[in-house]
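Same chain, two partners: chain A is paired with chain B first, then with chain C.
And then the complex of A and B:
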């Protein structure tokens, strides 16, 4: 017997898509039955009260969580999002409903052993509800009470060898695409770089020391499966120099209809026979592909490595062999001064595990030193870049200015020069000027 | 209930404390066929909706079955996922960057059997637990946020709008019949946690009323300069009020300059603004992240407001279906939604989607707004 009536939420149990309402209800039932005989450390009916408060929000169209909430574990300045219900008497099960962010493995591969241990921990000490996963990548344990936070952290670190993720004005939890583990487009090991930098900068992740939040994301190619250049202050997007590898036999197989274009991604509709000229040659943004006499040719010098031809004929075309990553900076959501995508700072840098990615770390630390000094309170890197100029970022990062950094040169002539760039400097005598130009 | 200690000693909180160990290394969790062929994949195929095959240099193959999830899930559900992975996949699985689950097996027959099994699993009330799909040129899962389930600043709900939308476009999840993939994202306020600013279609929670000011409490709860600095349009200034003979330090808000972003409330609990009649959703379209053919692009607002008509947001799902249908009928193969709109022109986009164009859709935010107006005589009637 449900604790609260939820006529509105009940309507979200129908329809084909997995119903979060049905799932929360099944968790409520499982806790009520308690077949394992657990001594639940927060109220058994926590999921019931969550449905109750959510139904109230569906009825009156407003959230019922109080503003903010500052909780955590000793030693860290972030990792837990505190939350309190604004109707604690009606819904005591969610009077406290804090979220714990748990660091996830790069690429989000799991063993069932790990997940079951996590479920056992959360079953006892939390609501039994999660988000798999938060947008930044964390495993999100959704809903517990303050006294449980240290207990959860102790078990997580001692028994599961796993840490919390990030929150607050610090390095947030980095995330990667699945990279080399299951993709032939991967230009570098995005998971390993993600892991390495996560470990290198644990202090910056757990103890807020920045003007505002800062995110890393790692895409192993320009397809952007983890959306690095839209959703991270510093985006690492794999690329290559040199030629796309062409297998002419496989090209013929595509033209002959033996292989489906785009690996079969459009097979739900009849788009006609594959037309290599129309679907590949003419769609190339650089128009640097030709197909003559049954042979595909690419003028690689003019290629911008957009991935279209490779995506369309993955069995015939492969990424180049000299691989690395581009680095783009400044992506953010609109608040405060408008959304930004990452802007290209480093066209190409080797991803070299042998020297522990030193070239990449030098760039990161150059950018951080500058932003930590110059960035205003709650100013994202992208906004500092807008305020102080892109050239200042490049200088901080120790990256030589390159025409590849701009989409186009400026069209206004409001150009700054430094005094020492100009012959004779800026110290001038008006009297000397008047000797040539009378008043 | 009796308190059960983990071993943590609150008397000596720093004793035996383990810190800065990070996540576990991902190689701890790779299925053997993935570990063996790591970095040595040569091509892949989508065999049918929701089923991928990757081939390695060694000749090994791995088959992946992708299934949708609600993202918000219980431990009961995760254990059920584990049961499936134990039975079919040697105890391995992964989640995608759009919060789908992927189960990996080593033969096609196993993959198709697993797809069939997953599609048979349903909740008592009828929804699928693990609908297979989300591959190729279709609609995959909706990246979304907390909404009324956990957040204090939302203007709408996340899980509810997403369930309503995915039900409405479900046949696009289980098929691959669109010109290109359509990414739908949802954010419950314009902090835009997630991918709303860069998705083909986006649902965004919006307010339409300025904050209320809890004058008596504001100075005790807020750092006034932070609230002032939080406003993108300079609508907030420090102020004083007198209530029942007592002077309070507070703020004043120029209502005609406020565009209801809610950022001051994020900084100051005494400036709440949620409102059942004022709040609702805006619809944005045309964003993308990949660099394929065209550059990444922001999504643009095409519907400034639709009401929070709970529990299923019918006006919202109607608009989304209309946009999806017009795009599906009008776009060329490989053309993302934004590329299609750019090609036909936004005046034509509004016509074929049957959307009303209003002054709210014309950018008026600072200098860059100018670049969104039309400095050409090129337009269509």
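And then the complex of A and C:
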């Protein structure tokens, strides 16, 4: 029988969606049975007490957690988030309930061996409850006590070849899409770049010196499988120069019904015959596609890389041949000033492994130096950009001002010239001007 | 001019001590202001050394991280109990 009565939580289980309440109950039951005969290092009834404290919070309409603390592993300023219950006598199993963040593999490719080791570790030294994955993308292990932290860290780093992730005013665990490992749209090797920058910026990941959190995300194309553009302070979104490659024969095959559109996705119902004009041409956001006389044409200059045509007809259309990445800065969630999407800082940069991505690292470090100098405490990069203007960021990053630095297509509110950037500065001869312009 | 690490350590500890009546946690920026001519990366190295010597500790809310003197503040006693 359950340790605490939880009528309010039980109600959550009745909805149509999978319920975290059911998951926690399942874990509570498994721990009580202890079929593997584990020597649990934190109280066995920790999931029961977690349900109890949550029920109490629902009843009281206020939280019973105290958040934050000095807990961590030695020398690391992130990766562990302290949590304490303010009713420890009522709920001793969750008196401490610290969260541990663990770096996820690039592209989230796991071996079953690793997952088993992770679950075994967390059954033994934690609550057994995990969150796969947190919104940064990392592995979140929920609920352990202070004496377990160094043990968990040792096991992760020495036996599982892994590391803690980022939390606090650190570089957060960088996240990448699957990239070239499985995807033909990939414009650069997002996993390789993610790994390289993770290793390069270990100090920034583990020892906090930023004004606030900072996130990198790597999307190898504009489909944005890790939502870099919306969810990271610095987003690397794959793009190309030149023309989308068109195979007119394959276009005809799509029109003729030989190939299923969208690579066969959305096939759960009958959408009728594929209509290239309605489903591709008219949906192009910059109206740069035409289909006449059985030929598809793209005005590539106007293309805004929405990926829709390529997604719909992947066998007929391919990304351009010269590929690289765009860099966008300043996306964030709505804590201050509302949510922001990233703004384009670098329209195109080569992703060059041969020089160890130096061009990209120079931009990153320029942005960091500026933000660390100018950013206020607890101010995200996007807020500093908004406060000081985009031109200040572009200058800090060493990127020349460019008309493609847009807030959204065809809207460019940012660029202000300085006197020394204009021939003759702001001074001019009024008489000479008046010769050409009557008052 | 590069920072004199030992002098910088002493200055940081003295700064924390002088504020200890009103504050037990400090932002990273509070320390960079002590050394206006030094690069923030140099200041960070000094702070890291002090953490490794167990004179300073990190305090994290989960979203923000601060530095404090080891043993200072309300939570220190509660968190040592394990």
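Structure notes:
Convention: the second predicted complex is superposed on the first by the 384 of 439 C-alpha atoms of A that agree within 3 Å, B and C clash if a C-alpha of one lies under 4 Å from a C-alpha of the other, contacts with A are read in each partner's own complex, and residues count from 1 in each chain.
Keep this in mind: a residue touches a chain if its C-beta (ideal position, glycine included) is under 8 Å from a C-beta of that chain, and two chains touch if they have at least 3 such contacts.
Just so it is clear, the model here is predicted, and its values are computed rather than measured.
In the overlay built on the shared chain, the residue A:434 is in contact with neither chain B nor chain C.
In the superposition on chain A, contact of A:75 is made with both chain B and chain C. Contacts of A:124 after superposition: chain B is touched, whereas chain C is not reached.
Touch criterion not met for A:353: it reaches neither chain B nor chain C. Residue contacts after overlaying the shared chain place A:210 against chain C, while chain B stays out of touching range. In the superposition on chain A, A:99 makes contact with both chain B and chain C. Contacts of A:373 after superposition on the shared chain: chain C is touched, whereas chain B is not.
Once the two complexes are laid over each other on the shared chain, residue contacts for A:67 go to chain B and to chain C alike.
Within the superposed three-chain model, A:5 lies out of touch with both chain B and chain C [touch as defined at top]. Chain A residues in contact with chain B (one complex) as well as with chain C (other complex) are 67-68, 75-76, 81, 99, 147, 203, 377-378. Chain C contributes residues 27-29, 32, 40-41, 43-44, 47-48, 51-52, 57-65, 68, 73, 75-76, 78-79, 82 to its touches with chain A in the complex.
Of all residues in chain A, those touching chain C in their complex are 67-72, 75-78, 80-82, 84, 99, 145-147, 167-170, 203, 207-213, 369, 372-373, 377-378.
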